[in-house]
Amino acid sequence: MSDNQQDQKELKRIIEALLFASDSPMSLQQLQTVFPELEAPSKQTIQEAIDAICGDYQNSAIELHQVASGWRFQVKQELASWVARLFTHKPPKYSRALLETLAIIAYQQPVTRGDIEEIRGVSVSTYMIDTLLDREWIKVAGHKESPGRPSLYVTTKQFLDYFNLASLEEMPALQELEALAIAGEMEI
Amino acid sequence: MSDNQQDQKELKRIIEALLFASDSPMSLQQLQTVFPELEAPSKQTIQEAIDAICGDYQNSAIELHQVASGWRFQVKQELASWVARLFTHKPPKYSRALLETLAIIAYQQPVTRGDIEEIRGVSVSTYMIDTLLDREWIKVAGHKESPGRPSLYVTTKQFLDYFNLASLEEMPALQELEALAIAGEMEI
Amino acid sequence: MTEAAPQQSEIPFRAIVDGKPYEDLPTDLYIPPEALDVVLDAFEGPLDLLLYLIRKQNLDILNIPILQITEQYMEYISIADKLKLELAAEYLLMAALLAEIKSRLLLPRKAEQIEGDEDDPRAVLIRRLQEYERIKNAAEALDELPRMERDIVLASIDTSIVKVQRPKADVDFQEIVLALQAVLKRADQLSHHVITKEPLSVKERMTKIMQQLDAQPQLLFKKLFTFEEGRAGVVVAFLAILELSKAELVEITQAEPFSELSIRVKNKTKAEIA
């Protein structure tokens, strides 16, 4: 195998890895910027790699598909019904940590991630915040004027809708909660 | 191609699609329950399909890897440095104290907080135990029948998943303790 | 102790003790002076510090020269004390253990004590050091394992063409309330746990013991310990007695083998006590 072929094969693997790792479709331009400036392959070379990958996945369960913002791997149409079965069989469950984070945002808003960590006494994962943002239960309302300008999180209208609340005032008062917490402790 | 081979090929594609679509690793059992009850393939058949998929991806940028809670597709290690360029966030770093505590729980489980303190020779903070519980790397498996009935901690499947392990046996071997041979006369 | 320490004089040492620069660092102390004030961060505890002292000198754990290591450890403790660094009680506890081992080594031993090393504190210490080192290495190996968020990237695909609304997790507001209660309860416990530490100073304890001996020239050893103070308190009292003994201000006596230990002011004759 010539050096050139070797390089092309390696490039194909890198492009393949990037497309699998990325959460969103990647354009030729975006793929190009991953490489160090002087070593970046041309768009044409990247396109050739993509064509080759498309060929590789012909008999597989997934395919490389081009959408407006770039290329992404997706499940083949004829297998979609099976994937649908998977999803209906696996309703997710939120962790205690996620519910606590949501509770703190609801009651102490606006709060930064640091605030939440301080109250919970443990670090807060990006995944948790992302899940809540994704669910549109929280949103970024602005940034705190402190080093790093951390995001300030607040709950959304969708949060109130989901929990069937007309306004935040309808949530049980914090003092009541504390009283309940203390009562709970006394039982033990 | 015989009907049987055809079926096996189709099954392989379905399993492949399911494993790609799932957010979390899938066990043979979980894969089985996606199928209508009467048509569900045996675990052995599913395992054969998985073995075949593993073979298919040998030269690809990704691999099918087994961790504690099942199988998942992940980008091959040797391409990780390329993929890392896509992410701007720094991976979390864990303190020596946390890693030592985690190692003790992993290797000596079940252990109490007192056992951990005994081995490390220092007190173990509640914060650290909380962090490990919060990450769901450890859980309380019961209580020791000794004064105060201290919690007994064990590691979880999530711990193994996070560290890319299928079972505790895959953890690096603990070094052997050398036999103590203290001579009658202690050297001063 | 013939090994020379790394050239510590090259490192400017700026500790101020009692208003004067503190310069006469012992030459056999293997801790870089500038590290002293961050030592609690640098070491994971007394076992870690001991391992450091042992490994730094390429010594075999199974055959450590206990007197040498004890002296280095004590030196370190005393400097930390002079620099008024807050030392965790565990460090003092280890100092007490080392002192005990040292005293056993120096005392003539009875025949039965040589049998078996079950109760030999040195064997116990070596075993603990071995076990700790094993875990320390295991923790390093754990850190090296490929892991999520750092080395492992999952291969994900787009599933938006799948025409099924993925069920989202169902949450009841009650669960949020319970979650917040749990946080509050935990925060509460945390604040209870911030117990203001009683400052336990060896020097202070030495003074207190001398005052006790002023009133009563001979005291039973065990009377000097207040068990309410916990392990740290016991250690401080023990170290104070050792310090006093070293300074030859008191002596520890035993009427007969296995009888209770007593402590009395030195330089007083039996006649005076009687």
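Residue numbering begins at 1 within each chain, and the chains themselves are lettered A, B and C in the order written.
Here is the rule we go by: a contact is a pair of C-beta atoms (placed from the backbone, for glycine too) under 8 Å apart; a residue touches a chain by one contact, two chains touch by 3 or more.
Since this is a predicted model, take the numbers as computed values, not measurements.
Engineer: Mind having a look at which chain is the central one, using mean CA positions?
Structural biologist: Answer by centroid distance: B.
Engineer: With contacts counted as defined, which of the two, A-C or B-C, has more C-beta pairs across the interface?
Structural biologist: Ranking A-C and B-C by C-beta contacts puts B-C first.
Engineer: Report the inter-centroid distance (CA atoms only) between chain A and chain B in whole Å.
Structural biologist: Centre-to-centre distance between chain A and chain B: 22 Å.
Engineer: Find the geometric centre of each of chain A and chain C from their Cα atoms only, then give the gap between the two centres in Å, rounded to an integer.
Structural biologist: About 45 Å separates the centre of chain A from that of chain C.
Engineer: Using Cα averages as centroids, what's the distance between chain B and chain C in whole Å?
Structural biologist: That pair's centroid distance is 34 Å.
Engineer: Note the residues in chain B that touch 2 or more other chains, in rising order.
Structural biologist: In chain B, residues 20-21, 62, 73, 75, 83, 92, 130 touch at least two other chains, as defined above.
Engineer: Would you mind listing the residues of chain C that make contact with two or more other chains?
Structural biologist: In chain C, 153-157, 159, 162, 186, 190 touch at least two other chains.
Engineer: Quick check: in the complex, which residue numbers of chain A touch chain B?
Structural biologist: Those residues of chain A that touch chain B are 13-14, 16-18, 20-22, 34, 56, 60-62, 73, 75-76, 79, 82-83, 85-87, 89-90, 95, 97, 120-123, 125-126.
Engineer: List the residues on chain A that touch chain C in their complex, please.
Structural biologist: 17, 20-21, 23, 25, 62, 65, 72-75, 77, 80, 83-84, 87-88, 91-94, 96, 99-100, 102-104, 106-107, 119-121, 135, 162-165, 171-172, 177-178, 180-181, 184-185
Engineer: For a test of understanding, state which residues of chain C touch chain A in their complex under the given definition.
Structural biologist: Residues 153-164, 166-171, 173, 175-188, 190 of chain C touch chain A in their complex.
Engineer: Residues of chain C touching chain B in their complex?
Structural biologist: Residues 44-48, 61-63, 65-67, 88, 90, 94, 105, 114, 117, 120, 122-123, 126-128, 130-132, 134-143, 145-157, 159, 162, 186, 189-190, 193.
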